[in-house]
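Think of it as A, B and C in the order they're written, each chain with its own count starting at 1.
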């Protein structure tokens, strides 16, 4: 079914609104889970909450939905403050990680549930249920029970159930974590296509950076209850705000050492000009921003240091070397074309850094 | 000098004497199954063990039915010496199943009967050691709150003011109550006796399935008036409950019995116990306020406390004209079942009829009306009718139905029960109808 | 734009039933359980019940007795009354249990644990003296009615007739529903509820459409127990002098002296058949629906707060219900300290003399009671788990029959079982010459057999809520079936196991009818027996009440201890707080 037909006025009637999170905090006992979160999500945006386990992203999602009773702060959906409203009046649709389909109801009754709660007329309920199930391609399963469906089908039913009530915002809790790798890639593309076509403001919680990078418009990277940085995938990658973001999105090498006036003396033996970097900032570079040269090659003029190849990972389109230098293990990545020679483990090399590609980051 | 053999005989005799005494001295564990409460068994145990230090009395307390069943089931390796309970019907059952053994107690001076009631089993399988009388017990506070007068005779309980205030134990569950009902039937005659019983029953609030249920309810004040055995009332009073008791002019003497179980492990001690109970020491124990039974040895009453009832001299306990034991036994089951089917299990129905009749009686008390009175009498006759005659009650057909077996003529027990129950139902309905008519006229 | 296709192949959230494994282990367990039931239930009962199928006084087989049963008004009326009372008692018990279960599991409720312990106590009513206490409170001339009569001039017939039976039974057996329903609610996957809330549902609608249907296994377990127990209960009707119900009729006839009356046993057979049929019918209600959840109560952890007015109403409601169901125990307590209590709202005076009197006897009685009840409870949850496992996880034919067979034990009157044990085991001699029937272990088994159905229902409901895939994951990692059961299934079933143990323990501690037949020396006697002996006389009422209070206290302590164990395991289960 055409997304436009489904989401348009003659279908379910979806609208795009913004979502504002204002100074939201939450704690369990004296364990702080969220600490002063502020976010503004644009209408129609596909937004990710990305972070490791325990960073608070699921709690934040549940706060938006109204399930985190110990939270403070405001949540505004389309300009309306819903913080004081119980979950059943917020009109934000949530698809749970376990799908949470009710085993004692058929697929059709599951999807109809929210509509029945809104006391819509019977004919309208039937229309919407048919629409939703057709949209996800499961209208033939309308009388079967969830236990009779496969995992993927169950997820689609959960989605149909949520979309049928035309929520203002769509919340997805780790939707791809139950799927295998190949399927994950396929499904996330479809998710993005769906979201774009429906134009519904959507927030996804995930710990997988590839997922966030490939399908989202903007990402909020979270750690230890705080938003570390908000930006597009490229912004986060190219200009990480701190060490955590740099290391969470993509790989990042941190040079240990000590600041000394205007320069940074790193333990691998190279001295770097600190420029306008903050006092506590340390130099960080990406694997693809350094090159390897034979040990005695001094053609390059930039900062460089010696090391031994300790590990080698073949990635198909690139080769990644783990170079040991003064008890640091630093990763350098080079593109691979067939026929090109590979360095061996144990080989001595020279690592050349590119000074303008060095990021000075704090914790 | 005696011959050497004489000396040996002497020596043997000398040693044997204490040995024989030793052999006759009861010892070891003596096991009793009894339905008597701790209040009775404790003092007796204490006194008996003091008199026979080598014996330990092990008391197993069970209700009479459970006790009988227990003896039946364990007969193959019987571990019980004595069965000690109230009513003779349990003992009759045990006797018929050869679960008791014969003994001739050493006690003297115990007559064959108290009044018209035999004390012992004629074949010597069980013995009465105490007796009690039946009467009416009531709760003073209840009577005061409901402004009811004190009853004196069984007939008093048939009057309308006691409606819904009276309780009794089912004769089928309480041998002693059965004897009381049988006493009424024999005293007043079959038809008239049943009339009294049924009119009394019209005032029942409940029919309990164990004897103690009646005094218990009166003690709590849940029931006002109970038909009970005397020692229940006296022990309640001793415990401080606000209850009173009266013996009607004609009342039953119900015995308490003891029997030695067949193949008793400790026969010697068992016999000693029986003798102890019947001895003056044992008989005197019965005056203990916790026990409060009537000794069967007339001589014991010399030591009785003042005012203690004496069944051998007290006219109320002695005025039964003639109690026919054989007749009572022959129709035992029939009477039990009649009572149950027409009263116990039909109580709600019966009470409806009684209520209707009571209303008429109260109306007539204010304003007399001979026509209404005639109808009332018919109604009462309906309500108190009995499905079988006295002869039928003792007949082999009917008693055969209860004992069962192939080839018996006549109806099965279940059929009889259904017949009698329907009879009662129909007659109650007829009584109600007549009473309604009477009421219309009386008003 | 094409239709969304998410592709299939992901792992399902609900796995189908475990595949058939012809394990010798399972077969062996099944046979063991069958042997246990045959030896300790079927055979003894059969030795007693066969009389129902013979002509009175002879041994020839006949079915006329059953025809007579059908033709007798009294029996048919009793049958109908029993059904009616049982059904209405389920309704009454539900009305009491549902609010308590819901409020204490779904909301932050101070004293929730206390409520759950107190809510259990009505199940433990010591025999005889409990009845007296109840009458003293709720009887026609009991405290409540005397006061009502004084103030308003009316009396409420709490304890009269069939309605009285329903009233008392609802209070007495509502813990079955409370315990089982609470466990089911606590084990519910919270995301199911949250999904519904997210879609706009809340309050009673949410409860009715989502929460309750998903907790149905627990509710049905409890409700079916209430139905069958009320159907088979003879103590309460006799206490209230309602004799036209099946169970009291059976009892009265079986325990009459002398008359070899088959009708008592006929009625026992009818009781057994009807109870089994009721249990079987109730199992139909929860078939075909996959209740297993992967997330065990996890997902959401915070209970909801109660706002001020709702909080006041909630606490008030809970207080009223608890006060009502504990009134008999309060009366019992008063009675144990009373000098004389007769026809007045409160006793005339108070004393500790009764406790002093029972003090010397009670040590041995308490020891025996604890021993018997604990052993019976353990036996019950072991056998109950075995049967549940066989029914729910294996495809052994006849597993369900085992279930029904074990459940039939509910319907067997205690006195019938007692007599049957004597008949069956008295002639079996132990090594020292004493009879098997006089060994105290036989009392334990009799207690265990009669309580097995309770534990079985609790274990069954608990196992139903565990997904088979949780076990399959363990086996996949190399655990044998035995190790899986020990390390995965049993811990996950803890809630149900505790509920089952506690129910068996508590009711075994005050059982009397079978005990009365089997106790042969004072040394073997439990509290209930000591109590019975006291209650045969007027002066024994106080001491009997004292023993009754002691029995209730013991059981209450046992319940608290068991709940602590369950709570600890559940906390480990739910693990970490959220992401």
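By our rule, a residue touches a chain if its C-beta (ideal position, glycine included) is under 8 Å from a C-beta of that chain, and two chains touch if they have at least 3 such contacts.
Predicted, not measured: the structure shown is a model, and the values here were computed from it.
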item: Remotest chain, chain B as reference, centres from CA atoms; value: A
item: Per-chain CA centroid nearest to the all-protein CA mean; value: C
item: Between chain B and chain C, centroid-to-centroid distance (C-alpha), Å; value: 38
item: Chain centre separation (chain A, chain B; CA means) in Å; value: 89
item: Chain centre separation (chain A, chain C; CA means) in Å; value: 52
item: Chain C to chain A touching residues, read off their complex; value: 1, 3-14, 16, 189, 191-192, 194-202, 205-206, 209-210, 213-214, 216, 289-291, 294-295, 299-300, 302, 304-305, 577-579
item: Residues of chain B that touch chain C when the two form their complex; value: 35-40, 58-66, 68-70, 73-74, 76-77, 79, 89-90, 92-93, 139, 141-142, 145, 172-173, 175, 206-209, 212, 215-217, 219-222, 232, 235-236, 238-243, 290, 332-333, 341, 344-345, 348, 402-406, 412-415, 417-418, 421-422, 425
item: Chain B-touching residues of chain C, taken from the complex the two chains share; value: 55-58, 60, 64-65, 68-69, 71-74, 132, 135-136, 139-142, 161, 238, 241, 243-244, 248, 252, 255-261, 263, 339-344, 348, 415, 419, 422-423, 426-427, 429, 435, 437-438, 516-517, 519-522, 529, 532-541
item: Chain A residues touching chain C - in the complex, by the definition given at the top; value: 1-4, 28, 31, 33, 53-59, 62, 65-70, 86-89, 92-94, 96-104, 113-114, 117-118, 134-137, 145-147, 149-156, 158-159, 161-162, 165, 178-180, 183, 186-187, 190, 193-194, 197
